[in-house]
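Labels for the chains are A, B, C and D, by order of writing; each one numbers its residues from 1.
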Amino acid sequence: MNGNRVTRRTVSTGIFALALGLAAGVPVARAQGAKKIVLLVSGNLGDRSFFDSGVAGFDEIKKQHGEGVEIKVIEMGFDQTKWLPTLEDVSEQGYDLIYVITFQMVDPLADVAARYPDQKYVLIDGTMDYAGGQFGNVYSVLFKQNEGSYLAGMLAAGLVRDGAVATDQGAALGFLGGLDIPVINDFLIGYIEGAQSVTPDVKIAISYANSFDDSAKGKELALAQYRSGVAIGFAAAGTAGLGQFAAAKEVGKLAIGCNSDEEAAIRPTDAEMADKIVSSMLKRVDVSVARAFELFLSEELPFGSAEVLGIVEGAIGLAQTDNFKKIASEQLKSDIASAEAAIVGGKTTVSSAFGMDTNALSALRDSVRP
Amino acid sequence: MTSNALVAFEAISKAYGNGTRALTEVSFSVARGVIHAISGENGAGKSTLMKILFGLEQPSSGRLLLDGGVAEIRSPAAAVEQGIGMVHQHFTLVPSLTVAENIFLGQEQRSGIFVDREKTSRRVAALSKRFNLAVDPDARVSTLSVAAQQKVEILKALSRDIRLLILDEPTAVLSPPETEELFTRLRHLRDAGLTILFISHKLREVRALASHVTVLRAGRVVGDAQLADLDNDALSRLVMGGATSVARPVRASRSVGAPLVALKNVSQSRGRPGERVSNLDLTIYAGEVVGVAGVDGGGQQGLVALLSGRKAAESGTIVFGGRDMKSGSTRDWRSAGLAHLPADRHKDGSAMSMSLVDNAVAGAHRKPAYRMGALLDRRKMVEATRDMISEYGVRSPGPEAPLSALSGGNAQKLIAAREFASAPSFLIADEPTRGIDIAAAAFLHERMRNMAGTGVGILLVTSDLDELLTLSDRIVVMFGGRIVARFDTIDGLTPDRLGPFMLGLEETA
Amino acid sequence: MSRKALAPAIVTIVILAIVVITVMLPLALTTQDPVGVLETFLFGPFRNLRYLGNIVEMATPTMLCGLAVALMFRSGMFNLGVEGAFYLGGLGTVAAALLLPMPWWAAAPVALAAGAVIGSTVCVLPGVMRAHFDTSELVTSLMLNFVALFVGLFVLNYFLRDPAAGAMASYKIPLEAQLPRIVPGTRIHLGTVLALLACIGGAIYLFRTAGGFEARLVGSNPSFAAHLGLPLRRVMVRSAALGGLIAAFAGGIEMLGLYTRFSWQALPGTGWVGVTVAILARDNPLLLIPSALFLAYLQVGGDLVGRNFDVPIEGVGLINALVLLIATAAAIIRNPMLLRLVSGERSAGLTKSLPKAEAH
Amino acid sequence: MDASSVAEFVAVALRVSTPLTLAALGVLISTRAGVLNIGIEGMMLAGAFAGVVVSAFTGSALLGLAAAILIGAALGALLATAVHVAKADLILSGIAINIAAAAGTTLLLFLITGSKGVSSSLPSKTLPTIDIPLLGDLPLVGMAVSGHHILTYTAFLAAPLVALFLTRTPVGIRLRAVGEKPEAAAAAGVNVRRYQFWALAASGAFGGVAGAFLSMGYVSWFGQNMTAGRGFIALAAEVMGGGSALGTMLSAVVLGTAETISITMQGGGLPSELVQTVPYIVPILALLVHAMRRRRIARKSAA
């Protein structure tokens, strides 16, 4: 998905680069009567998570609709004081749909959406306070990353249980988070519960890189976990999380990826490393972005409400990669499939880090500490 | 004469971009194998001329002849290539490097890619021997005394195989015995065939050392003669420009007052060597000038540090104005009535980047005279500064100009004006006239005498023995951190009498 | 002010304008609408009241951080703790507003005061260490910034976090603690007035009070200050404390003025902009105001271009880096020939204004 | 802690210290020439980027390393030019280099790979690790010091070499003279600007190597902002090192060890935010201890 995107944005960036003597490109003509949509990135691209994935969703929309849609991505940077002015600006520029991402946009969006009732907004990975019938012009999407992580936890614990990893590699599991924040901990909690469903007294080493950029540190943390007897690690730490795979390659142990199919992304350049990625927990922001647009075109998008996307919608899941099929036992595959069904059917409820207070979270982490 | 000239300046002029004319049509020549002095007041153009000769600056017009041929010296490196070496007034040594490394900086003795330390040391030793300048090649320059550093500077210049050595005010930092030693060495070098350009405004030294003198005033040559052809009056008239030589301040007879500052058995063993003192007993009375003589490192700086609150005494007692000041801070000393003209006016005496006003009122800025409620009264500060400027004859572009715009003598006058304005009861004058011209020095001398006349006790620390003998009522000599001689009257005292004590050869106290 | 005195300012502005245009022009030419890009960059910020407001909003904290930097630089301390102080000041202010029970009228002042004190530690500790142990305040303050960040994240996570917020964010700042907006149609808040007053106060402090005079003396020559008997350590610590309080106060008013919750998960970078503002203003508190406004103007112009054209945010970043480089290029800005051209004086006149003692 | 985990700890500390040591030596060279290289962070980042891109397009890790060195040196030269020719402020120019490097690498990464985050789609090369014969076969010592990345050995060999360079070679001595007393160096015919120019270029080259270690050794890709402040830690290491190459290396190892401690403390149940303060508090304490010791020595030698 992150592979060969050629967008208008890429092209025009290329033109900018031409001025710097770097590359060439051609201008793109504007189409008439096209739908105009914009994505506001409340940070910088390159996070390998919701922002990059959101852009991938936009690329997908462009691919589907070609001249029928005009897309724009605005990186607002991390200075939160710029978010509201940007939101105000685009609200006055005649966009058909304005996408914003992350919970941090809730407060600015609440302010602006009330002032521009005719403008339509999509909030990804967050939700508005819809009580009292407010925000009829905002559609929200939430993800059940905890459910996908539950499956990842089952996978990790199951591989150890089934002897898919040699016993001398250790019996504990590892988790590498970017920052100790709710959305990352949502991964963690699902992971813990999934692992516990297979091995009730499972031990999980938990580290936070305190950075989403520092690959070297991510690798060092993962190495420390592997050394201390972790057999399989799960990384939810952006680029820092990639360090997990480098560590796995170095010590010859396994790892689980996050957000997109990381094995597929790495395979072309480093097959040995890709072999160590048994699967990836998928969080398809891109799917939800594209889906919202299709629903919007068919006028079925439920503004004024929040949808929680999970396994059913194809927004969350465990990548059924060749590695996965090869390494996981048949028993484990069927366990995971039935757990999936139970979650979809509402028979299994996975806890969430959203709304959980810090002390409860600490207690949970302490309970699985090796 | 000209045919034998090593260097000839022909109608050299120098004007700066901002319009300042530093030199106008300067012409004279320097004969081979002599010590040739260049004299004149501060700002007369001596330094600019030497910078041109050494390639640091280029003349605006005129030309320079070397060995009778036109020479264009574009850089110090080119000067060295032409056989010209220079010892600057402010040394250009790197403190953390060794003596040998400094001497051969830029022309290191190599073996492979490395410096050959052994060869370097051998060459330093050879140089030392040849020119009779003993140094320790492996000592770090930061550990050397000023006189020793100057030796390194001279060796550094000599190591470049030079024919002409320029010395810019070399005695400003030396004590009399050290000065005498330097002169002996310079004569030795001259006898070895070197030509020496000696820049100084100290006429006594010019006479003692040089055979020929060129006098500059306001950027022009006003005199160029064999010293044998000039008597002292003629020489000082040339330098001072028509004004007769400055009269020595009249020593008014007066009664000495009560004890003002008293040190009893004071020791301080910490600090750099020059700052350590032991068993000092000294009382300074109101209305007298106590002169302190000694070579660099003799302990005078330690005494000053103790009496200005920069250091506390380790043992003994110090009383000032009836208060125990053994561990008094500078603030305590100041509020008890100390004024202090520091030896290094750039480092300790002023803030060069700040305005004249700021420098003039600094320290007194909390006085009610400058206050306007909670704020400073800028108008009154400027007024006070204007008063100081006119009273002390400070030549300046105005009170708001930065102090760096002033020449050394004028800056020192302003600093003195500030210190004297605090109505002190006790004044430390540490090298009060070092590096400033004769008129400014005379002015400050007169001021200090007047202050003593009004009952101020003055501690005068100076390496200029003329100054010491001119101003002091009595003299103590320090060596190795101790007081080694006391002269309760200066009648009949001569520099020669002080020398042995300053060098630690004799001791009476 | 005379033409002569204005010359450096005029030259600075002209040079900056040339820089901005030479950098922006090739960038603009690569887009489909080069005129539009240039026009947006240069005049966009003046197009409506809201954008003007954005400039002022953005300049408010950087002006204060610049003041903090200038006061410390003036006293000879290269203390970069402003960044951490700003961060911790924001956090401390929000923490106080959330945790301390207060009557409504005291909420903002008490929270701001508490935040200022808490945040100032990031500047004060390096200042104290410098004054008493002569450790490099540059390094200790750089390191302490990160300590402040992680301690702040810890406090946010364990004491202030709103579990219902969905992101790592504090509980909402109580309405009564928020600073009132003062210009309708913009987000300009009371903090801007406070910042302007602070800059004027800073100028009075530096140039018209004994304390400020002493700070300048210590900064320009510590040996001289010691010679005068000034309490060096006290002056240094006082400057560090003032700088820290101001920077932390800036963080506080930023929070109470523009934010609904505290959710900084990285150092916000405002302190660094403050360093630039201070250097651009040559540590003169009154010049901080135009300097901060100018940088904010560039930023708003860049943002508008980024929002309306296909110019990547990194392109805007590169422009800012270049402006930073060239804005300080003393050779160009202080070139005497340029100054002379602008001031319209002949060389004789200039001699008078740049006197050398040798000339007399 | 048993013996093998001690050996393991040493190995990690050496690895973590490697980029810090390289960068700090770079900072040392420029500082000794009298020019503080605040832009080291940006030079590392650019080096990390250039190494990955060039090695990916040429298929040669060595060319990648060469590119890293060159780009670092070029940025150093740019900084020198800004300061000497344009008379820009040294500190601000350094900060500008950091900003420009962060923006420039991200932009180029995007142009080349279509992603602003990471270069993992590029087939970049890594530099090898080396087992030391004999020593590597020893049980615990081998575990600690053998099998490291080639640039780790380079870093620790570079320290004595830089020390020799600064104290024993003509160029090194002149460089120190330039930094300590430029007028003395100039008087001896040393071109101060030229020395500072090359010192900054050399400083940038070291930064480039430090960056290459991150992207061609530690991991095998370039990531946005992957240096993560290591350049600033290197600045601290240089200050703590007291101006000597070996002292600088030791300081870098102390800081690397602090980071290693914070890594091994993770998962110990302490809040990770507080654990993360360790690598920043240690240098502050180290500077404090250093300052107090200096003061005590001064007092003792005076007594």
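Here are a few things to note about the model shown:
Assume a residue touches a chain if its C-beta (ideal position, glycine included) is under 8 Å from a C-beta of that chain, and two chains touch if they have at least 3 such contacts.
All values derive from a computational prediction rather than experimental measurement.
When the C-beta contacts at C-D and at B-D are tallied, the pair with the greater total is C-D. If you average the Cα atoms of subunit C and of subunit D, the two centres end up 30 Å apart. Averaged Cα coordinates give subunit B a centre that lies 45 Å from the centre of subunit C. The distance from the centre of subunit A to the centre of subunit C, with each centre set as the mean of the Cα atoms, comes to 36 Å. Within subunit D, residues 106-107, 110, 271, 273, 276 each touch two or more of the remaining chains.
Multi-chain contact residues, meaning those touching two or more other chains, occur in subunit A at positions 13, 44, 180, 210.
Among all residues of subunit C, those that touch two or more other chains are 150, 153, 157-158, 312, 315. Remark: the chains found to touch one another pair up as A-C, A-D, B-C, B-D, C-D. Every residue of subunit C that touches subunit D in the complex is listed here, in rising order: 129, 133-136, 138-140, 142-144, 146-147, 150-151, 153-154, 157-158, 272, 275-276, 279, 312, 314-315, 317-318, 320-322, 324-326, 328-332, 334. Contact residues of subunit C toward subunit A in the complex are 26-27, 29-32, 50-51, 54, 57-58, 150, 153, 157-158, 161, 163-169, 187, 254, 258-261, 263-266, 268-269, 303-304, 306-308, 310-313, 315. Residues of subunit B that touch subunit C in their complex: 16-22, 43, 45, 308-310, 329-335, 340, 342, 347-354, 358, 362-363, 365-366, 371, 374-376, 378, 395-397, 401, 405-407, 410.
Partner subunit C is touched in their complex by these residues of subunit A: 8-9, 12-13, 15-16, 18-19, 27, 44, 72, 74-75, 77-82, 84-86, 88-90, 93, 102-104, 106-107, 126-127, 179-183, 210, 354-359.
Of all residues in subunit B, those touching subunit D in their complex are 75-77, 80, 86, 88, 91-97, 101-102, 105-108, 110, 113-115, 117, 156, 269-272.
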